[in-house]
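Each remark here refers to the structure printed beneath this line.
We just call them A, B and C in the order they show up, numbering each chain from 1.
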Amino acid sequence: MIRSTLHRLFGMAVVMAIVISLVFLIVHITPGDPAAVMLGPDATGADIAALRDQMGLNAPLWQQFFHYIIGVLHGDLGRSIFLNIPVTEALWQRAEPTFFLTLMALLVATLIALPVGILSAYYRGSWFDQIATSVAMLSASIPSFWLGLLFIQFFAVKLGWFDTSGYGGPTATFGERMNHLLLPALSLGAVCSALIMRFTRASMLDVLNDDYVRTARAKGMSEYRVVVKHAFKNALIPVVTVIGLTAALLISGAIVTETVFGIPGVGSLTVSAVLRRDYPVIQGTLLVISGLYVLMNFAVDMLYLWIDPRVRY
Amino acid sequence: MRKILRYTLVALLTLSCVSVSAQSEPAKGGIINVAMIGEPPTLDPMVSTADLVGTITQHIFETLYTFNGKSQVIPLLANAMPTLSDDGKTYVIPLRHGVTFHNGQPMTAKDVLASLQRWEKISSRGRQTAEKITELSAPDDYTIKIVLNQPYAPMLALLSLNNSAAVIMPEAQTTESPLTTFIGTGPYQLKSHQPDRFIQLVRFVGYHNLEGAPDGYGGARKQYLDEIRFVPVTDPNTRVEGAISGQFEYVDSLPVESFNKIQGGKDKPVLLKPYGWPVFVMNTKQGVASNILIRKAIQAALAPQDMMTAAFGSPEFFTLDGAMYPKGNIWHTEEDTSLYRSMGDTAKAQQLLKQANYQGQPLRILTSRQYEFHYKLAQVAQAYLEAAGFKVQLDVQEWASLTQNRANPARWDMYISHSPFLPEPSLTGIMSDTSPGWWSTDKKHAALQAFNSETDPQKRIALWANVQKAIYEDVPMFKVGNFNALAAQSPRLQGVTPAPWPYFWNAYLTQ
Amino acid sequence: MSISLVVNTSARQDSFFWQLMSRPTTAIAAVLLGLIVVSAALAPWLAPFNPGQLAIIHRLKAPDLLHIMGTDELGRDVFSRILFAGQTSLSVGISVVVFTSITGVLLGLLAGYFRALDAPLSRLIDAMMAFPDILLAIALVAALGPSSTNVVIALGIVYTPRMARVIRASTLVIRELPYIEAAKALAVPTPVILYRHILRNLTSPLLVQCTFIFANAILAEAGLSFLGVGVSPDIPTWGTMISQGRQYMDQASWIMLFPGLAIVITVLSLQLLGDGLRDLLDPRLAKGA
């Protein structure tokens, strides 16, 4: 177990190294001068040259890369050109909405998908199964931003149940802030639930046909115990993988959802950083989000390992 | 029995008197959320000419003078109108006593002097004015003296405008560049600023109020509201939705076509008529538009009728007018407006292009989608320009980056903006040689010089026609028309005078 | 069971198409998809109007006989725009599929067949998988500017690992088959083995993944265009049409509804087709990679 964990940790480190290099490269192949952008309209040539020196932009690329790596290891991701605060601070301010949005969307997705998937598998071929599967396919084909727009129009504007955008003002309580996340979480979760639902169904189908289920039934166990206690537990394994993958899907979905609903999270920060050409922030968000992905995959892998002893590397 | 009746009558009468007088002075208190077009690039009003920056910072900082309800200059931080020397070159400005900054410091001439010097150095309008100033000094603690090298009519207006503004800040802050602490004398002070979320202003308790009634931007500032929160909402559709659902007490800059939609919602539409004019500013310094024939071709190709219809929908929201100021305004003149053709003149444009020996270089138009009418104007303009033979490249950016990128002459050939009708015509952006566009010709200088050094207001009106003529002949810009602006306001919010830069220091909430 | 993967007789290929068509949902999906692709490809001939043609006097007209999907805020015919936008969205999707097929198969095949290459290539695959699709595309657009090429490259890079993993898994299985060992024993050169025997058997998982990647690419591209960081904003795509139609949701909902429906129908058909293919070609793949 320890060997596999260490092995995976090492793999994760290698992946992160590649990711950091890619992120650095992406932003540095941009044409244009970040120093000129930073100093703004009234900068003279001398000012710009001085800042380039100070930012180390005149150093050879490998040297800049080296400084960048050192910075990252120290937790210094540079300074936002537009917001004039360290990138880490900007990210930290935005972490809360994105974290809870992803969490809530995942909850919505699982709460819909798991029971529906189990029931569809159990009542295979019934009208419930057919409708559920069709709805799942449909919702997987809907762009989440389109759904979000329709939700805003209906629930926020016409019915007035929710605010149309934003995350609450400076005095908003935690509850009020979470309230702002409900509609976005719903639109994001609905679209992502499809994948989990189909996987759960397929996995349950497999397991329900297995010998040990038949044995359990033959032994006279109640249906409830058979399904929930035995079948589902074993069906969990691939389902956990899918939930892990969905969490990853949710992060990229969060980017668009945050923009539609005006939520000041990491996702909308990335989009506005791109529109404002705020390179340190683009770099920082890329790094942090990819890092989270890698961490999540690692966590899912470890979970997998823990649940299923057969899959020791 | 009679006694009871009598006492009841007296009681009722007293009660009604009390309630009547209570109604005459609105209650203090309340917080309002104001939705703006986006996150401001800065909170330093000296550094930016953007309306967004001015609208927010005018609550925090104040200028020596300001504009009243009739667009006349009246004192704000100054104690009275300045004493002007006979030759019109020396201004002696008395300052008010007892004005304090948000940090408790009293305002004296040394703060004003340092602020004006900072304005001369880093503000675009300030730098332009600095060329006319030979001496700036503080003869005593409550007087400022400005000596010019020639009479300059826009001087006071420049000291009154709230963007690229000559605001007064403590001397200690004037060395900061960029500004990091925002301390002013204004009725509201900055409590907290979370970028992309809100800018929180709270009532400044030590505010030294002027006496008398409010008058436009001047007069008393009653500070009824406890707090004003400016919320950046970049998507115009989200602003519309926010207005309908009543999430904000005031929503700025709404697409005019949503007028009917908003009427059915919680906040009520507020039309500002007329508001101003959209403009295509051309880069006369560098690039394909630096050729006058190309600019004339653009002038001929564009079709304001279609452009304005696409941008504003119905004729109740716009008028086609080539004059810089609308009819009824003292600065209205018809000089050279024959060059403004409502449907354009594609044939003439093609001819001019040929004359200019146009090689097909792309015409780069810089625009943004936060003011959604800018983008619509760009799209229609593109169609007409292409019909005339231009190759057009639309560069869509966020408004904040646009205001920074427009300073780089290598990056654009035309950019789209708009302006309200300014009380002083020479404050218009293109009148400055250094503002993006860099219009700087002898014809312009001659006309502008005459216009600005003339102190007789009547004679100035005639001289303005020459400036408009220069605009039409040099083509540094294309004015598209006049438009009305739409905002939305909660029925509970009162005391907001419709204005191009809405201000809330006299606003109050009713139950 | 593994033999069925290997056996690739021509007789089976003949009936493949009809087997696919025998399921009603798959048949409908295939037909719909075919219609969409063909109409997008033939857009210049099918479109009744020029998609960029402004006609301000006809703006915001509801669907009628002349404009079967109405006009937008600049008087442009929505139906024509949907066709041309379809061209852009679909061609981005197909380019992504081609890109991913080439790189994914290459990576997966090499990782699956050569044990020595497996570990490092798997790390590379994991690294590529570390980026959420939209994020990488946004970053590339920020760096290089909006263009369909950048979007294709970004999405291609992001989806390659998904393809590579599936190919690798299948290769691992095929590699162990007795007749491959026989070929090796007969000293058949490796490239020939790879091409003639292994690659041929990868067509099933490849095809299935292609349909899903196509579907994902269309959704991702729509999201990017909606945000304004996709292909150049001048070019109509279904995503930009939704974004521009948002303002008129009340007075002219057709501007936003039709492109959304176009996306849903296209992606749905692709998914149904992919499901049908998968069920038919290898029931074992029904659980996913």
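Here is the rule we use: contacts are C-beta pairs under 8 Å (C-beta built on N, C-alpha and C of every residue); 3 or more make two chains touch, one makes a residue touch a chain.
Not measured: the values here are computed from a predicted model.
A simple rule picks the central chain: find each chain's mean C-alpha point, then take the one closest to the mean of all protein C-alpha atoms, which gives A. Of the two chain pairs examined here, B-C and A-C, it is A-C that is joined by more C-beta pairs in contact.
Our note on geometry: chain A versus chain B, Cα centroid distance of 42 Å, whole angstroms.
With centres taken as mean Cα positions, chain C sits 49 Å from chain B. Chain A and chain C have centres, each the mean of its CA atoms, that are 22 Å apart. Of all residues in chain A, those that touch two or more other chains are 153, 275, 277. For chain C, the set of residues touching two or more other chains reads 228, 246, 249.
Along chain B, no residue makes contact with two or more other chains.
Looking at the complex, you find that chain B touches chain A at residues 31, 33, 39, 41, 122, 124, 178, 192, 194-198, 200, 229, 231, 233-235, 238, 241-242, 244-247, 265, 397-398, 400-401, 404, 406-408, 436. Contacts from chain A toward chain C in the complex involve residues 11, 14-16, 18-19, 22-23, 26-27, 29-30, 137-138, 140-146, 149, 153, 199, 202-203, 206, 238, 248-249, 251-252, 255-256, 259, 270-271, 273-275, 277, 279, 282, 285-286, 289-291, 293-294, 297.
Residues of chain C touching chain B in their complex: 52-54, 56-57, 59, 73-74, 228, 233-234, 246-251. Chain contact summary for the complex, chain C toward chain A: residues 123-124, 126-127, 129-136, 138-144, 215, 219, 222-223, 226-229, 239, 242, 246, 249, 256, 260, 263-265, 267-268, 271-272, 275, 286-288. Taken in their complex, chain B has these residues touching chain C: 236-237, 240, 255, 257-258, 260-261, 305-306, 309-310, 369, 372, 376, 379-380, 382-383, 394, 396.
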